[in-house]
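My structure is below; once you've seen it, I'll send some questions.
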Amino acid sequence: MPLPRVTVWNEYRHELQNPQVREIYPDGIHSTLAAALRAAGLEVATATLDEPEHGLSAERLAQTDVLVWWGHIAHQEVSDAVADRVQARVLEGMGLVVLHSGHFSKIFRRLMGTGCDLKWREGGDRERLWVVAPGHPIAQGLGEYIELEREEMYGEPFDVPPPETLVFVSWFSGGEVFRSGGCYTRGHGRIFYFRPGHETLPTYHHPQIQQVIVNAVRWAAPTPGAARAFGNRLPLEEIRPSE
Amino acid sequence: MPLPRVTVWNEYRHELQNPQVREIYPDGIHSTLAAALRAAGLEVATATLDEPEHGLSAERLAQTDVLVWWGHIAHQEVSDAVADRVQARVLEGMGLVVLHSGHFSKIFRRLMGTGCDLKWREGGDRERLWVVAPGHPIAQGLGEYIELEREEMYGEPFDVPPPETLVFVSWFSGGEVFRSGGCYTRGHGRIFYFRPGHETLPTYHHPQIQQVIVNAVRWAAPTPGAARAFGNRLPLEEIRPSE
Amino acid sequence: MPLPRVTVWNEYRHELQNPQVREIYPDGIHSTLAAALRAAGLEVATATLDEPEHGLSAERLAQTDVLVWWGHIAHQEVSDAVADRVQARVLEGMGLVVLHSGHFSKIFRRLMGTGCDLKWREGGDRERLWVVAPGHPIAQGLGEYIELEREEMYGEPFDVPPPETLVFVSWFSGGEVFRSGGCYTRGHGRIFYFRPGHETLPTYHHPQIQQVIVNAVRWAAPTPGAARAFGNRLPLEEIRPSE
Amino acid sequence: MPLPRVTVWNEYRHELQNPQVREIYPDGIHSTLAAALRAAGLEVATATLDEPEHGLSAERLAQTDVLVWWGHIAHQEVSDAVADRVQARVLEGMGLVVLHSGHFSKIFRRLMGTGCDLKWREGGDRERLWVVAPGHPIAQGLGEYIELEREEMYGEPFDVPPPETLVFVSWFSGGEVFRSGGCYTRGHGRIFYFRPGHETLPTYHHPQIQQVIVNAVRWAAPTPGAARAFGNRLPLEEIRPSE
């Protein structure tokens, strides 16, 4: 099977506006993620909010097997037309990996059908992501948990449909827990939500966090399945009245 | 626990436009369903598309524990404002029972996040709804299957997220199958999709079909759970730097 | 619907052997749980390991709608015959609520098909059980979490099949998390596993823990569903060769 | 990732006793399946009931990534020791593909925790396996359904836990339906049950049935996940009394 073609989408505003973020991600979160995915042998493009069509033209999406999504302060600036297009591609089979504050993105909320709200706290909890599905492909190569010295806290309840598979549960030093890695199917597409990644912290430089994102991209890559065939149909059997 | 207060919503167009449908449901599908639910001891109101706010004012929804939905030819006439209001109430805990062609309703598609398409054929297949979760509350009081002499066919794939619980699978004489009864959770709300009910056929007069709808309403009725509490939070534990 | 008839089963060894446990549960854990269930209006019997047939005769089980199970140091003394009988009754529809160290009981391991192992630590972590399915009947009447000043720690991975519904996730002060409340279906029967309840601590006197167990018993009570009918069958349709 | 190493296990009694079966599978069902898997590039061994340790020594299992299982009339002759060993290997991560009458095998019943009973009828229904999860890896390369001119009928209810993912639903000409392809997780292992394959019919020579089995083997192959680490643990954080 050919390797999945990945597009990493980033809002790319914090990095331009906030020197603290720029110091951690000088070329943007997308560049850091793209480098990690390329190092794993994947073919990777990037796209950002302020490009034409947010970098997500029909052509670009047609050539994308898995889309990685990071957004935070400008969810409402993503046009409905592009959100429609991304949703349609997921239903056709494109994988989608939604990161951190992307929980509130237009595309994730649409695909979930819920508000996707949660509790949160900045300032630096310690986070420990426990693997609760140790045989799952997205946990490949990990130990029992990933520890992050400092991260933003997200707390339950997380207003999403129950994940079809739950891979990670986070522990926070301030006393909360969170379902940090959940798998979903929508149409032919596979979706993975992964919690960590606050912009003021170097989370996406962490090798195990990168490993999870690489694993998730591989897991979410489409497999050529049955056609999405709907509509009016003739019977396959002769229909007779019952006796 | 007090009995759930039900609102049966019906598009109520076919009955007014088509004498064949009117003959089967002279006061509308909503009246037939309301009578069946009242006979089971429930408190029932009705609402229809052409009432002000489609009969679904904020007051009406606030007094509704479970909403039953039938629509077909006018899904797009349901205003976004009312769809928003219904979705918000489901997330707060209101149950939702979506019937037959309601699979394409604005509210169901929003809550599912998918296209909700399927295969279909009018003209009268025989349908046999097999119970695949015989211990489930929605199957209460049924035999091994429900047989409908004539129904519209719906065929797989049904473009919805995988049901959290699958209760019925239909067999059709023309050679198709369909996941005909599926349970979902969205926010605090419980949702049940139930397939049968083509408007030109007397399906909603069938005692076992009525039984399923009564069961589904009882199952979907909200239980007073934890508050839906989100937002910024102080820590519950003192956060100390790790050693 | 008549109220469910409950049998609380307890190994009842720690209380007889260990004065510390006896002080907390002078008449046994089963008596404390039975009193809480009776206070909620339920009809409750108790049974213990050292009674004939462990108190679980065929007659007793036939009159039990929901069985609550606590065991720890004598799982292997439960006879295979009684384990068979309990398993058969669950498949017929009897509810089962498995508490704390019951994760290693013969009956739970059989119904799960896995080893049911986990990490653990005695000595008194603080535990906070977060509600992750706030609209679920088992969470009825709770706040956002239940806090237990001291409990034994159980940590992930918990070697069980993924719960069909996950209701609670625990946070422990020592740094671990645990899926503390999970729902399962086996045959017609509903099963709930609930984590807390170390014998040297007064957990089962906690009003919210009692509330969860009452809720779980109500949720697990059988609904009269379709017959469990298997075996050789004549066709329901005339089978004709395809053209 | 290296290709999974497969062992195809067959009871191998019908073929030796029944000339009709032998004509269809002259070297046994296992040889037909092994040839199909080898043609897909996999490394395949076979094992049968009447070999020492049923061909499933500890060494053989240690070298098996995915075990394919076909049995029917001699489930009880499989020793408990070998069933224990297979179960332990599945929990460690070995994939398991259970075929047709293997639903009643000792190993499948243990892993499911239920009776695994169903309805059945020999004599030749037409079967149409509809793909209900068209984006799933196990449906890769298929059309909308697989049609089998003649097969034994299996009917609902199928007494198994609800599949974590349901891939196929069968339609039978005699009027029944069946959940024909279901995915499960037990420990680190992935399990797929696939319905077709009555021994008197050439089902395993059908290219699309072979395709499903190849797909299932690839899907079930283990991914190196986190260690299965259980037992007593020291805290990861300093535990302090709450204020």
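The letters A, B, C and D name the chains in turn, as written, and every chain counts its residues from 1.
Just so we're on the same page, a contact is a pair of C-beta atoms (placed from the backbone, for glycine too) under 8 Å apart; a residue touches a chain by one contact, two chains touch by 3 or more.
Since the model is a prediction, treat every value here as computed from it, not as a measurement.
Colleague: Going by the contact rule set out at the top, which chains touch both chain B and chain C?
Modeller: Neighbours common to chain B and chain C are A, D.
Colleague: Applying the document's contact definition, name the chain pair with more C-beta pairs in contact, A-C or C-D.
Modeller: Looking at A-C and C-D side by side, C-D shows more C-beta contacts.
Colleague: Roughly how many whole angstrom separate the Cα centroids of chain C and chain D?
Modeller: The answer is 30 Å.
Colleague: Roughly how far is chain A from chain C, centre to centre by C-alpha average, rounded to an integer in Å?
Modeller: 36
Colleague: Quick one: which residues in chain A touch 2 or more of the other chains?
Modeller: In chain A, residues 128, 131, 133-134, 144, 155, 157, 162, 164-165, 173, 175-176, 185, 187, 226, 228-229, 236-237, 240 touch at least two other chains, as defined above.
Colleague: Flag every residue of chain C that touches chain B in the complex, lowest number first.
Modeller: Contact set of chain C toward chain B: 93, 128, 131, 133-137, 139-144, 164-165, 173, 185, 187-190, 222-229, 236-237.
Colleague: If we count contacts the way the header does, which residues on chain B are in touch with chain D in the complex?
Modeller: 128, 130-134, 144, 155-158, 162, 165-166, 169-172, 175-177, 179, 238, 240, 242
Colleague: Which bits of chain B are touching chain A when the two form their complex?
Modeller: 87, 91, 110-115, 117-121, 123-126, 149, 153, 155, 157, 159, 161-162, 164, 173-176, 184-187, 226, 228-237, 239-240, 242
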